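Just so it is clear, A, B, C, D and E label the chains in written order, and each chain counts residues from 1 on its own.
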């Protein structure tokens, strides 16, 4: 053992241990999440849901997994052999890797070694997360193309366009966070959210607002308060990136059979399935980290290192619940509406919001001006977001079709 | 944590890039105006707006005349070279816009983006001429290249236009990669990409190049980098063997854009070449001169010889533009004041002449450019004596016959090369000029000495286009007779080029 | 940082660049040619990063950033042109683009 | 043999292998995939040399956006699933290979020679870069350089991008809908047909 | 009266007239013709001012003017006239009205025709009077364009081919001229200038001199034309319209010889001396070769064209033998050739107007239908072959005399050339004019009309006058010739030991 420690150094050993534990936990969580989703949806639809295997049907997912694992491997004749095989892995791995920069808790000290409860505190953490998100596209794109049949291809073309569009919005929505936190490191961002709203100096010196702001002293200083538009954009884009309802067009079963999944079965299908749920967990965890203070929460002296983890998990589960809730209640978007939302609403809104944040946080600009800009742009953004699609208001006549499509084409 | 507290803001002087800023601004205004107002039939105001913007940019460039400093963290040179180039480029842009207006109206092509892209391209070219850092040079190059890729494909009904855009694009991107490698190796050699080594050339004229700031004598990596930079810029100036894109791109592009490419791209790339070699790398001239000489000789010969067999007038002028790149290169090789000012003069007058020529060609070509073959110009003289005379004038200028500006340009660059001791290069230049005269003559012979095809449709001659032709013709003759103003202006562009000691001493042959 | 000497990185970059050149010259599909050009740009990026490490300044990394922007801009325009032509020709093969010959 | 060397070895093999595989892959999609692999491997080499920001951006922009765009176009076209490797110009391929080999040899030599030249100047600047990466951190240090010295190039990219966007808008517009000119065959094309 | 700058006025009258003609509507044929004639005559009248103002016995340049044009480059508008150029200028202005008269038969595109013709005159006059090398080059090239169009647009048969050939030959040559001028410009010490008189004393290494001389020579030899650079000439002369042929033969060919006299010899005397044997050889070859080829021609115009090659050989021979007789004879022979060959082309033009053919075989017995024409033709032919008492004799005799002093053996083939000239001219005369009328089409041909008389008589008069009384001409030529010969002979640097070209 010590020889190994000598060779690699203690840091490497700790890293390996962290990787193993995190991924094991993540996979375990995912399995639970699948069960969780079925249960919650069943509940919302006044059904019972899985109930045969284990307590509350908890082992149902495991059973499904075993079934899929032993199912006959199947590959269509027209499929592109290697790409077809790589695609599920390509879908799964980036999703898993994305979790590497998410801090699940504060530091833990063993003897003289201090270990942060994050796999890797990269100073480009947010960018890493985005990078993994953008690599996640490949799984779907390749799956659709490699299957060698129409519906999967259509699904993956849809998916490509969708993911590129919403990735942009997501990236832009994270810029204000980096601006206010002054760092791209997720740990720094969580640390910056410690304390309470009272520490936000924005209203200082403004007579009435300063008193009112005192009321918020007990509310944690999470970015959700000051950055909620960014959160809205981030979360919508996140849902779109996971290809889940209401953005599940790539696998829209009523239009494309099962989209890029049509030709997949058995263990390969399981990998896609798993990847999607891992993605859900990662997006939820990221939302928690960036906007809801991460592990931040009241701690107690008993097992003090564990409390942050528990807070983190609770918050994450809340978001997973939100995902499931969406799926249960929202109808699927039409494809042009999807593009419209992404390009004409989310991206402009995100851009405006970056400007707002930048102005508000610039030193040297008079506070009155900053406040004015803040309120003014806020109103603009609200009106902007609230406006519907103008094209819906007027009926499209055959003559004006050429003009009307110009905007999209 | 507030970033601004630890961050020293750079000093922002906008004087040097004011023309570019204005052009980009006008381009954006055009796009907004286009998007906001309906799509009327007669949208003269877009052309007017761009013309105003270009004129304004020229005015702003003239206002910086006499400045001689590096601005914006040494990224931009506000000097004579930049000012001269910007005024010339604005003039090219102006002619292109006016010509384009008639062209687009005739071919019924949607136009607003045309003007915006031309403005972007001019802005990019201007920035390239002013770039004092390789990365600025590269970004500027890409800005105008990207605009031109699209402009080449602007004849949307024509497959040939698209094909030429594709070839232009692929080879352009290919050459960019080489240029980038050159930048990377330069950075590796000297730790920076700045052409002036970050030094203030006005305060210390002796170190107005980036080599002297280098703490080493081993410049081998820099020399290699130079080679790659030459490849990259060689594509843009269409020097042999990097010329393959030129005929295709010139042939397929809309004629106004072809003229603009011939005039503007060449000017911008050569201005960069002059700044790079005759200023920054001047101390290394014995290393790069052989390279450029080989390039120049090959370019002159290949351009002239290949042009002879062309049947398509646009293609013919494309090869002729290759040959001209070789002629200008002799000025670069000379690497003296006269060479630099001569090259600038050459490029400015060549640009005007070639724009005029393509103006006539676009008029003769008719709708969808159906008549661009040499044979389509048979007996043109008897139908349109004035147009034909103008085209003859441009061709004579390109051939370098006295009393036209082209002659003066050749005289000056050849003279500079003789002065620098490269007479044999000039001998090649003279021989190839004679070869080149043959195909210009062929065109003239076709227009004057053959019978008009009775089936040829009548040419509607637009007012703006004929104005462009007239202006170009007057300029071609005018600068051929009284060239001192222009050449003096070009000479003021050489301030940045040499340290005072080198200016006084004659340069020994062979560097 | 790593103990691997910079020259190894430069060797890798050189090989990649050369492969890019060869590919761009030998392949016939426009999109594939373009991809090899992208490979060349990537190799240049590696050169920048390596020299940045050698000089101990960040200029090289900043330059990579600019290269990326340029690559993106070129990619959209280039792909649009290729798309345009391929939709009419039903082929992205460069040799099929033969209207222009000297 | 350390972790760094190991990672470099992997990156080297993957990058080079993918690049070579690109040369021989017939299918455009496969070429793209190999390119993605090479790019990811290159991102690793960036990381090894302390360029964290650039590594991340390399993956986001190149692998995540540009290459997806390539794939998108290949899929959208749906033609040329596999490229004919028959050479219309028989001499071109060996010529290109020879040229490439020459270039490779040249650059290789230079890379090694250049290293010597440069390392006599400053030695390995890794130390300075490490210090920068530690304080104030790679991203912050990069931002300072970018927004001070490279402010103008940074702003120039905006012009470049707008030009590209406008260009793509133009190119993407349908031929028939706006232009009254019906697509017709030009004289040059007619000759070609005949 | 005499303080007016007659030279510059003469140069620019035709150009001004051409511009004025541009304003005349193109269907006013009569106005165009008369206008052109008036302009040409006005130029001739102005040139008489030069003749009047010219001081006899003065070797230097006279009547010139000097203006700064592009001062930064040392380029000026400098003109002047001396014994060499005086008679060629006079010849030009004298022949131009006749050329206009010969153009009456031109029927298409009359306006551009006269514009080109008149601007051609300005170019030629400029060439002969420019004393600034840059200005000289500008005029030199400016001659090219109108001539190109005159041949190409209004010529006969293979006119496009002929015009292109003419243009390319001349341009290729003149580019070397430009190169040499540039080199000289930079090589000359002191303030850079293109001024001929300032450059005159420039000391150059022998090798450089040779190279520069060859540069000048390349251009001039094409124009003269010396064998083997003559191949453009028969085509251009044959296909050109009558006025074009006249101007080509009478004036344009002189530009080459004039260039040698004015620039080649004085600027590079050592090189000229060293290369003289070579050039003389070429000249003699030209004399014999031109004459031999002329004999076998079937086309009268082509025959005359080849005779030009032979005659210009005489001129060059005279210039380079290095004696005063040779030099004066050469210069006078330039004038003579201009008159006699010009007259021959005018005459052939008259014939062509009537019969639209130039083939000797198509004629025969013309003396019966056109007796006056036949007589004039004979006179001119005799002048051309150098019959004593006519102008040709004076020049050729002086040349042979001069040659005998220095290159005695070369007199033999040169004399042989004269004999051959007699053969081809008289044989052609015999075939065309003597005997019976073999072709019925020739029977009803009319003799000269008034216009044609006006056109041919002045030339005939001058031919006879020079033959009888050459003194006024030689008086004005000799001082300059003397100066030239001394320059050629008293060269300071000897060829030995400095054979390697050196960069400046």
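By our rule, a contact is a pair of C-beta atoms (placed from the backbone, for glycine too) under 8 Å apart; a residue touches a chain by one contact, two chains touch by 3 or more.
For clarity, every value in this text was computed on a predicted model and none was experimentally measured.
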Tell me, which chains sit next to both chain C and chain E? B
Just to check the components: without chain B, which chains are still in contact with one another, directly or through others? A, C, D | E
A-D versus B-D: which interface comes out with more C-beta contact pairs? B-D
Max Cα-centre separation from chain E goes to chain A
Taking mean C-alpha coords per chain and comparing to the overall C-alpha mean, nearest is chain B
Euclidean distance of C-alpha centroids - chain A vs chain C, Å: 32
Averaging only over C-alpha atoms, locate the centres of chain A and chain E and give their separation in whole Å. 92
Chain centres from averaged Cα atoms put chain B and chain D apart, in whole Å, by 28
Report the inter-chain centroid distance for chain C and chain D in whole angstrom, where each centroid is the mean of the CA atoms. 4
Of all residues in chain B, which are in touch with two or more distinct other chains? 3, 135, 139, 142, 146, 149-150, 153, 159-160, 185, 188, 191
Chain C, residues touching no fewer than two other chains: 17, 20, 34, 50-51, 54-55, 57, 59, 66, 70, 73-74, 77, 81-82, 84, 88, 99-100
At which residue positions does chain D touch at least two other chains? 53, 57, 65, 69, 76, 110, 114, 118, 122, 138, 140, 149-150, 153, 157, 160, 163-164, 167-168, 171-173, 178, 183, 188-189
Over in the complex, which chain C residues touch chain B? Could you list them? 17, 20, 24, 30, 33-34, 37, 40-41, 43-44, 47-48, 50-51, 54-55, 57, 59-60, 63, 66-67, 70, 73-74, 77-78, 81-82, 84-85, 88-89, 94, 97, 99-100, 102
Enumerate the contact residues on chain E facing chain B in the complex. 70-73, 112, 137-138, 140-142, 144-145, 148-149, 152-153, 159-160, 163-164, 167-168, 171-172, 175-176, 178-179, 182-183, 185-186, 503
List of chain D residues in touch with chain C within their complex: 2, 4-5, 7-8, 11-12, 15-16, 19-20, 22-23, 28, 31-32, 35, 38-39, 42, 45-46, 48-51, 53-54, 57-58, 61-62, 65-67, 69-70, 73-74, 76-77, 79-80, 83-84, 88, 92-93, 95-97, 99-101, 103-104, 107-108, 110-112, 114-115, 118-119, 122, 124-130, 132, 138, 141-142, 145-146, 149-150, 153, 157, 160-161, 163-165, 167-168, 171-172, 183, 188-189, 192
Inside the complex, what are the residues of chain D that reach chain B? 110, 113-114, 117-118, 120-122, 136, 140, 143-144, 147-153, 156-157, 159-160, 162-164, 166-171, 173, 175, 178-184, 186-189
Chain C residues within the chain D interface of the complex: 1-23, 25-29, 31-32, 34-36, 38-39, 42, 45-46, 49-59, 61-62, 64-66, 68-77, 79-84, 86-88, 90-93, 95, 98-100
